[in-house]
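First chain A sits with chain B, and in the next complex the same chain sits with chain C.
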Partner chain A sequence: MNQLTRRGFLGLAGTAGAAGLTACAGTGSPGTGGGGSGSSNTIEFWSNHPGNSKTVEQQIITAFQKENPDLTVKLVDAGKNYEEVAQKFNAALAGGQQPDVIVVSDVTWFNFALNKQLTPLDELLASAGVDTGDYVDALYNDYTFDDGHFALPYSRSTPLFYYNKDLWQKAGLEDRGPKDWDEFKEWSEALKGAVGSDRFALELADGSNYLDWYFQNMAWGYGGAYSQEWTPTFSDPGTVKAGRFLQDLAKSGVVKFNATPEADFSAGLAACILQSTGSLGGISKDATFEVGTAFLPGTDNCPTGGAGVAVPASISDERKANAVKFAEFLTNAQNTVTFTQATGYMPVRKSAVELPEEVSYLEENPNAKTAIDQLPHTRSQDNARVLLPGGGARIGKALDQVAQGQDVAAVFAALDAESQQVFDNQIKSKL
Partner chain B sequence: MQPTSLDTGAAQGERTGPPAPVGPPPRRSSGRAWEWSLAALLLAPNLVLLVVFTYRPLVDNIRLSFTDWNISAPVANPVGVANYVEWFGRADTRTVLGNTLIFTVATVGISMALGLGLAMLLDQRLRGRNLVRSAVFAPFVISGAAIGVAFQFVFDPSFGLVRDLLARIGVESPDFYQRSGWALFMVTFTYIWKNLGYTFVIYLAALQGRRADLDEAAEIDGASPWAHFRRVLLPQLRPTTFFLSITVLLSSVQVFDIINVMTRGGPVGNGTTTLVYQVYQETFVNQRAGYGATVATVMFLLLLIVTIVQVRVMDRGQRA
Partner chain C sequence: MSARAHGAEAISHRSPLKTVAGYTGMVLVLLVIAVPLFWIVITSLKERQDIYVRPAQWFPQPATTANYSDVTTRIPFLDYMRNSIVITGVLSMSKIVLGVLSAYALSLLRFPGRGIVFLVVIAALMVPNQITVISNYALVAQLGWRNTFQGIIIPLAGVAFGTFLMRNQFLNLPTEIIEAARLDGAGPLKLLWRVVLPMSWPTLVAFSLITVVNEWNEYLWPFLMSDDERTAPLPVGLTLLQNNDGVTNWGPVMAGTVLAMLPVLVLFLVLQRQMIKGLTAGAVKS
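Entry: the complex of A and B
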């Protein structure tokens, strides 16, 4: 240690600094991909195993290989969430071997489609004789761009209204969710009394944990929206009204924002929460009270969410055909039932809910049925959240500011300007 | 004395040109060539790796910082210095720089001070010191992501350990996840806890290698503990302190895992966003890899400047 010289340290610093920069240097350079040299008989499926589904995914793969003995499916751990899968795919686009089938979320698929990195599936599905009319329309059409469909719905979810039935009874409320947010506001004092001090009538995820997804319901409920097509509408009176409503709930101590509201809810620290249908399994297991589920407040105001499966654009036609074959199998009526019963996600096929095993499952699990009954009342999300790069994070940050008491109109006006700038700089010229 | 061949030639007048090299020089020349070849052979594998995996991406990153590359796009269009102009003009730049500065200064200063204190304590002959040494070092080898998950529960304002401890003295727990200042405190504390083992073990090694005769001389001269620490111990630890100040600084500026797991750079968007986290957000969340490369390049230059200043200061100190 004593012999370290100035030159030595400069060398060390240079190397370490360079290493730091290298660590930050993204995943490579643009456009040298080319699809890699994957075997046409091996289908590589990149997944984050949504809803801890690795076992059930492997089970479906085994069934597929049994039906197609000439094909092998390799299940690859591509990340712990949708964003990590997208990052890995971006790395592959810069020169690595590409997958055949990849999980893409409601937020990640569009940028790949826009940059022509995903295959439009329509012709391939037609060639394979797939009846796309059996997919739930709202879920299938979420992946539409330029008159093509770029993914098949897979692990699809919506938010649900979860409530603690014991506290509901204690507050003297009917065993149901609120009709709209105004009714919830009326109930809130009774709920605060029932849940007790230091606890909250409602908990919501904060801006870093998808508050922007749940708040869409509130914005629509008050006649607002994040955008109309590509035009940001955060400053519209309805959206601003929803923002003020959220702020009032925070100021009056009705709502608490938290990274993991489902944990507080399961521990009895919150009377109700908005959470994904994908959390149903965990909440039902952890909660020590009877859990109720209901539609989100309002009428036809529930955003869709979750992920689908897509096929890269630059792999060979033979690989694409095999990939579509597997993607269809993964999401067929039987397998969507298997998958959703294991995870809590929603069946993506219309015919799935008529299968005997699903009928009996829903009879035994009425909370799971709420999600399916809500499906016809869902609505595709606004472009400003799911199609603009960084939309969710941008809106989440603004909602954090609103929750902390900043002027709603000013925050939303800035959000309008920022969203418009992103559209102009990154999307407009590619449409 | 036996005449050398040169002496002989000169005496006989047979040589017209410069004397031919004789004796050791030819052996030295071939020996040096051999040494160079051996050095090149031994260094080559590392140099190749360094060039391919460190310096090539570095240059590539600087090149990309002048483009508008969307990370999923097959092409990147040159935009000149527009990304740099944008970064210097953006409202969030000051917040991100401030977060980086606070996080770095706090982690470097506190983890080094605590590491030195612990090293001095556990350098004593105490019962069970090996066990405590291992316990102090253990967090350093645990993954940052795992520590982040564990500390999420420690700081949870509803049922966390901190809330419980504060409740015992009648203090309400701050909401670490919703208030920017507290969130920054939370990730800084967590990183210091993880990194303490590193500064501790380096200081401990330095303490154990110090000159015992100086300690004895100080004792004989009746130096007070403070004078002993300041006049005898600290000067001997100067190179170690310098080494740590650079390595801890570099690793602190690059902390990503703990921030990503605990706060995702929030609350309120940039509450705990540091430069390296901004690189990630711009590149992978906002898809602007060109702009992300710009932030990375700025970070690299800032680090280089800080390190050069540190070296200069150290150099001056040594001369003084």
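Entry: the complex of A and C
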């Protein structure tokens, strides 16, 4: 048998120990051209394929490569949701090879823009000869910061009021959504009777599932807001009134909070829900009754949402130019129609709704038309939710507390203080 | 022997009430574990509109295998499966080999600085890998290893846990046997292979099993490193079935989960028998 020497074993033990330590390797030196590396003819597109759109994205990429034979687009599975894409991009910023085009959501883009990790697109778009006036204004301007635009709208959605037409009829209501939340309150008794016991007139997503997004509509409806510019206004009488209204709905058993209201709604367990337009396809497929859609209650107070595509700041100018070329192609009138018809998102171009295939599509799908008709009545979201780091989660948590019956004024005052502190600590000095 | 007979007597004399309570407890625990698994399996066999209904459907009516073919057509399932097997296989092998060798060196061989090496390894165990992710990413990306198997495997191959577990096991072995083997002229490797390992079989199998299951389910690092189905393992691939903004069709997701679970389940059943064999072997010896 081969006798190992003592020295040999020392070496072996050393290697084993070292291997154990690879788990905490040190950082490499980032920055030294780390972002500049990568072939300039290959465009890396980091996407989470919003709305199961991988095949559609691939289809658009094939069309792009046909038009630009010298460029290749590589589609990368960058995560299962917007937050994971942001996480992966964050890791790449530490010194990895960076992508050329990346999907950023309404809540993830700003932090990157603030830290100068995304390129302002205005000049690049101008030199590429893109008419930005054709983008739907509300959607394009969502990405404004410091006089620049940091993303192009891509998979954009708004909430929609979905209702069960059978139950509506049973409750003896007109076939339409409520004018405002007060009217909904009047309807709620009839709806409760129609939907039956153990079921609910309205279901809303809970605080960890974007209740903070939907509640903006209620807050605006009662004259409040989350913030004015950078000043949090949760203690505004209007916002507090909206909070009390939500609490009353919960106390009187009208509303139930739930991680997946769309599932209960499709199963007939809720008479109506507020949900993203992105759920329209799924709900229509699952529901066994006639689904109606309407504008959110109130006038001109529907928040926008969803994601856009952005370009990292530290890649070479040549790569940036190619990236913008692809981002523009991805969101041009023709492709936004292809993409939105496959997923249920909103066309981001004004001229898109005039294309013949979109006209006929909307005629056949009146529910999809509701979302587009609502688009001129949307309002950009409040900074306290989308631009302050952790804003969505913070407000969602507070709304959960409100729903559980805690004092609205106290919870919102605490939210004011917390938001102000986050602004002072993390944003103020960088503006 | 006498102890065992005594135990048997005690069981036969137990009051019926206690027996009933014991069985109720066991059934409850079984239900807690089995019902979610059962739910996954039947959901994978349901048609889409039957998944969310009230009252719940406890047996798919009608049953369909469409979800399973959906999984294999909508995503490159076999590619993800292959990647999972490669990553888990290589990682588990290297973790087990490194764990056993380093533990052996740290417990049964005498050399200067042994205590310090062990402390450093234990310190590595205290650092959660989420903390080192960013620096590891920078390092691996600069080596040009993104979206490669070595990029996923090598940074994960550290074995602080295995070293710790196996070292404690080796230290608990009776010193007489080890000394006897040394006197009989067994070299370090022979000692490890013929004496130490056979006596540590159950711990080694348990450690291997934990390693395999952990690597099979590893998500964060493979997700950051991989770009597409050339290297991404199953947990990353299966997320493509979920609709990340809208309504998820859970049938295919559950079917994918069942398929992903099977290999580990089979491995567990095989190794479990080995574990029991190891346990009884130890009992006879002492």
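The rule is short, and it goes like this: the second predicted complex is superposed on the first by the 396 of 431 C-alpha atoms of A that agree within 3 Å, B and C clash if a C-alpha of one lies under 4 Å from a C-alpha of the other, contacts with A are read in each partner's own complex, and residues count from 1 in each chain.
What we mean here is this: contacts are C-beta pairs under 8 Å (C-beta built on N, C-alpha and C of every residue); 3 or more make two chains touch, one makes a residue touch a chain.
Note that the coordinates shown come from a computational prediction; the quantities given were computed from them, not determined experimentally.
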Partner chain in contact with A:269 - chain B first, chain C second, else both or neither: both
Partner chain in contact with A:90 - chain B first, chain C second, else both or neither: both
Which of chain B and chain C A:431 touches, first, second, both or neither: neither
Touching both chain B and chain C, residues of chain A: 1-2, 4, 6, 9-10, 12-14, 16-17, 19-27, 30, 87, 90, 263-264, 267, 269
Chain C residues touching chain A - in the complex, by the definition given at the top: 48-49, 52-54, 94, 98, 101-102, 105-106, 109, 111, 114, 117, 120-121, 124, 127, 129, 132-142, 146, 154-160, 163, 187-190, 223-224, 226-229, 232, 236, 239-240, 242-249
Chain B residues touching chain A - in the complex, by the definition given at the top: 50, 53-55, 57-58, 60-61, 64, 68-76, 152, 157-159, 177-178, 205-206, 209, 239-240, 242-243, 246-247, 250, 253-254, 263-270, 276, 279-281, 283-289, 292-293, 295-297, 299-300, 303-304, 307-308, 310-311, 314-315
Chain C contact footprint on chain A (complex, rising order): 1-4, 6, 9-10, 12-14, 16-17, 19-28, 30, 34, 48-52, 54, 74-77, 79-82, 84, 87-88, 90-92, 94-97, 155, 157, 262-264, 266-267, 269, 276, 278-283, 285-286, 288, 306, 343-344
Residue ranges of chain A in contact with chain B within the complex: 1-2, 4, 6, 9-10, 12-27, 29-31, 33, 83, 86-87, 90, 93, 111-112, 114-117, 206-209, 257-260, 263-264, 267, 269, 389-390, 393-394, 396-398, 400-401, 403-404, 422, 425-426
